[in-house]
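Chain lettering (A, B and C) follows the sequence in which the chains are written, and residue indices restart at 1 in each chain.
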Amino acid sequence: MTAATETPAAVTAVPRASGAAVIALARFETRRLLLRAPVLAAFAVYIGWTVWRTRTSWDGFPALQDADRATQGGPLLVGLAVLFCANHAVLRSRRHDTDRHLDVLVVQPWRRTVAHLLSVAAAALLTGVCVAGQFTWEALKPGAVGHGSPGELLAGPLSVLVLGTIGVLLARLLTSPFAAPLLIVLLFFLHTVATAPDNGHTVRWLVLTVGENTATTLPSDLLGRPAAWHALYLTGLALTAALLAVLVSGGARLRTVRAGVVGAVALTLVGAVAQGQGVSRETTEARVRASAAPEKEQKCAERDGTTYCVFPEWTVRTDDWAEAVAGVRSLAGGAARDRPLLVRQRIEARYGLDGDAAIAPATRPGQVTVGTAWGGNRVPEFTAAVAGVLVAGTEAKAGAMCDGRMVTVMWMALAGRPDPVADLRRVRLDDSDRGSAIVLSQTEPLRMTAAQTELVRELLRRPEREVAAKVKAEWAGLTAPKVTSDQVAALLGLDEPEEKDECL
Amino acid sequence: MPWRAVGAAGVLGLLLAAAPRLTGDQADGWYALTVLRASALAFALGAAFALDDPARHTTAAVPTRRAVRHGLRVLLVVPVAAVWWTAALLLVPAPVRPPVAGITVEAATALALALAGAALAVHRGDGARPGRAVAGGLLAGAVLGPLFAPGHWALFVPPDDERWAAAHDRWAVLLCAAVAVAVVCATEPRRRLGRRGLRSPSGTSGPSRA
Amino acid sequence: MTPTVSASGLSLRYGGTRALDDVSLRLSTGVTGLLGPNGAGKTTLLRVLATAVPADRGAFTVLGHDPGTSRGRQELRRNLGYLPQTPGFHPDFTAFEFVDYVAILKEHTDRAARHREVRRVLDEAGLGDVRGRRIRKLSGGMRQRVALAAALVGDPAFLVLDEPTVGLDPEQRMRFRELIARAGEGRTVLLSTHQTEDVAMLCHRVVVLAEGTVRFDGTPAELTARAADRVWSSAERDPGAKAGWRTGLGTFRNVGDPPAGADLLEPTLEDGYLLTLDGADTEVTA
C-alpha cells in the first residue's frame, strides 16, 4: 500500500457548480450509453445497411426529396436500442441498491435524470451526423436533382430522441426490468395500427416516421407532406417525455419544470393538429396543374434540335437526356434524323405519392414523354420511346405499333448503349431476351413479337457500323407502316425469323 | 417465480390480440397475423423472466437438482401459456384468424426460445437474474430476424402464401432446437468447460492483500 | 473543543416503532464509535445525520449547516462522506469509474482535478493497482474499500460509516482501522459497529444506543470502567451473573455482580457495553 508522504490539497466543490456537475455526469453517462452492446450493434447495422444501400440507390440519380425520406428508417433501430439502454441505465441504481448511497450526494435525483436525458440527446446528435452524412452523399452524386427538406431530415434524429426520453421516463415511473421490452412491443403494435392504410391523415402522422410505399418521384412542392409540423410534433413529444421524467424524479418543486411540461404538451398538440390537416388546397391545385397542364410550370431549353421542357428542379438533368437522344438520333436515317423533337417531362401527381396511375401517351407529333426518374432501367425505356417517336411520329402511334418497325425501333434504342443485350432484358417486362414481351415505357408500353426479338438479337450481334449503314440506307422501307418482320429481315440482309410473328 | 412479469406480458398480449375486434371490421388476414405474432412475442418476453431467481446463489447448494427446479418453473408457465394462447386466438375474429396450427407453432417457438435463452444464460453465466438480457436478445431477434432472414426461408410470410406449410416446417425445426437447448442447459454444469477458471471472486473473501 | 456536530431531540418513528427517541449528542473531531444491539436505531441515527432521511422531531447542525433548509442540506452534503450498511455497487463499473461517478455526484466538475482526487483516495484505500478492474471481479474486502474510497472522495469534514468492517477478515479489518484512524485526524468520524475491539482501538468517544435512546456517552475508558470489579471467573456457570459463557480454557467468564471472594478479571470494553445494556436486553447466557 503506497503511503502518501504528503496528501495533496483536497479538492473542494465550488458552490453553484451544479450545472457543470450535470454536464460532467452527462458526459459520463453518454460514454457508457454509446458503448453498450445494443447501441453499438444498432449503429453498426444502421450504418452498414445505409452504406450498402446508398452505394447504388436510385441507380446514381437520386431526387433529394426522396433521399431525405430514406434517412428515416434506420434511426428507428438506433432509437429502440437507445430506449432499452437508457432505461437500463436509469434503473441501474435501483437494481444494485445504490440509491441509498447516491441519494445523499450533492447532485439531486432530478439532476441525475437530466444527465441521462442529455446522454440520450447525444445519441440523437450522433444519429443526426449519420443522417447528414447519408444525405450529403446522395446530394453529392452527380445525378442528384431536387431539394431536400430539413423537416424530413430531422425526423430520424428526433425519433431517437423521442424513444430515448420515453425510455428514461419509463424507468422513473416503473422500476420493473420487463417494462421496457413490453413497451417496445406495444410501440411496434401502435405503429402498425396507426399506419394501416384506412386510417385518416391525423392518426397516420402520430407515429414517429411516416413512410410512403412508393417509387414515384414528384417535384418537392407537390409532395404534400407536413414535414416541418411533424418535426415540431416530435420535438414536443420528446420535450414532454423529458420534462415529465424530470418532474417525476423530484423536479416538481421547480416552477420552470411545471411550466415547461405545459408548454411542451401544447407544442405537441399544435404539431399534431397542424400535421393532420391533410394536403392543402394550394398543393392539390398545383398537383392538378402540374399533371394536366405542365407546360405552364416548366422551363424549356434547346439542345441540338431537341427542346427539353422540364420542371424547374430537373433542368440539371437535361444533359443526360440530350446525350441519350443524340445517341438514338445518330442511328436514325432519312428525315427522322433531323426531325425536331420535344421532350416533355410529365407526372401524375393528382393522387399524391401513392398514386400509380399511368400517363397517357402524347399525341402531338414529335413529343416524347420523360419521367422524373433516371438511371438504370429508365434509360433504355426512354431511348425506346424516343426511337418509337422518330419512327412512328407520335407516342400514341408508337404504342399501337406492332409490325416490323419495332425491329428498327428497338435496335435504335439499344445499339448505342454500353450493354445492349442486358438492356434488352431490362427494358422488357419479363426480363427475357427471347420470345414475345412487353417493352416498358413511361407511357404506353410497346410490344415485341418473338420474331422481332430474334431479329433484334441478331442485329445486336452484328457490328454497329455495318447495321447503321444498312438502316440508314433502307430507312424508308424499314419504317413503312405495316411492314412485316420477314420484309425487314430481307431488307437488312438477315435470315427469315423462325419464331412466331403474332402481335399480343 | 416472477408472476408479475408473466402477468403483465399476458395482459399486453391479450390487449394486442383484442385489437382487431376493437378497430372494427377493417382488419384483414395480414393484420390479424401481425397482431398474433406481437402477442406471442409479448408473452415470450414475459416468460424470459421466468427463470429469474434472486436467491439463486443462496440456494445453490440445495439437494434438489437444477433440472428439477427449472422444470418446475417451466411446468408452471406452460399451462398458463396454453390457456392464455387459447384466449388470444379466440379474441381474434374467426374470419381473419390465420391457420391455427401454423401460428401456434410460431408462438410455441417464441416461448421456447425465451426459456432456452434464460436456461442458457443461467447455465453459462450463473447469473441470478438473466431475464432482462434474454428479453433484449429476443427483441433483437424479433426486429432483425425479418430484416435479415434469407428470403428463401420465408419464415414471415402471410397465410395465403403457398410457402406457408414449408415455412412452418422450418418453424417446427426451430422449436425442437430451442427445446433441446433448454433441456441440455437445465442441468448444472458438471465441470468447468475448458480452462475457464473461476471468473470472478465474488463468492470468495479474496486473498488478503493490499 | 467546539463540537462540529450537534444534535438535539432527534426522534423518528417507523410505523409503530420508535426508531429514535429524543437522541441528543455532540461530536467533535476524532473518531466516535456508535455501539448498540440490532434494532437499536444505529443505522437510523446515521441515516438521519447523513441527511438520507429527515427526523420527525428535533434538529441538528453539522459544521454550522442546518439540514432543515434546502440550501443548508446541500452545503452539508458537500462536506459529507457516507458509507451505508452493506453498500450496493454497479458491478460492471470499474473501481475507478465508480468512485469517479460518486465524485461527479459530489460536484467535482474539473475533470483533471477530479481524476487526481479519485486516484488519491483509491491509493489511500489500498486499491491503487486494481483501479481498472471491474467491481464484480473484486473480492468482498476490496469492494468495501471501494465504498470507503467513495465516501472519502472530496476530503469531507464529516464521515458517517455504518458497519464498515462487517465481513472482513482480521487483516483487512486492521487495514481499515489504519484508514479510519488516519481519516479521523482533523475530521469528525462517526463509526457504527458491532466490533467492540474496533471501538476500543479507534475511538476517543463512544455512544451506546439501545431502543432508540442514548445509554452512554463518554470515553471508552469510562465505559470499560463501568465493568471494573464486575467481571469474574468461575468453574461453573454462575446463575447470579447477568451474562456468562464458557471460555476456550474451560472456565466460565461472568459479568454482573460478583459474589464475595470471586476471582476478578480485567474488564474489557465489551463487558462495560454488556452491563450498560443491562435492563434493555434479556439475559445473555451461553
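Everything below uses one rule, namely that a residue touches a chain if its C-beta (ideal position, glycine included) is under 8 Å from a C-beta of that chain, and two chains touch if they have at least 3 such contacts.
Protein identities per chain, from UniProt: B = ABC transporter.
The model shown is predicted, which means the values in this text are computed figures rather than measured ones.
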Remotest chain, subunit B as reference, centres from CA atoms: C
Top chain pair, ranked by how many C-beta pairs fall in contact: A-C
Centre-most chain [mean C-alpha coordinates]: B
Centroid spacing, where centroids are CA-atom means, of subunit A and subunit C in whole angstrom: 66
Chain centre separation (subunit A, subunit B; CA means) in Å: 36
Computed distance of Cα centres, subunit C from subunit B, in Å: 48
Contacts with 2+ other chains: residues of subunit A: 1
Subunit C, residues touching no fewer than two other chains: 126, 175
For subunit B, residues contacting two or more additional chains: 210
Residues of subunit B touching subunit A in the complex: 4-5, 8-9, 12, 16, 19, 23, 26, 31, 34-35, 38, 41-42, 45-46, 48-49, 129, 131-132, 135-136, 138-140, 143-144, 210
In the complex with subunit C, residue positions of subunit A that touch it: 1-2, 4, 7-8, 10-15, 17-18, 20-21, 23-25, 28, 92-93, 96-107, 112
Footprint of subunit A on subunit C - complex, ascending: 50-52, 74-75, 77-78, 80, 82-84, 87-91, 100-102, 104-111, 113-114, 116-117, 120, 123-124, 126, 128, 147, 150, 154-155, 175
Contact footprint of subunit B on subunit A as seen in their complex: 1, 38, 41, 45, 77, 80, 84, 88, 176-179, 181-182, 184-186, 188-189, 192-193, 196, 198
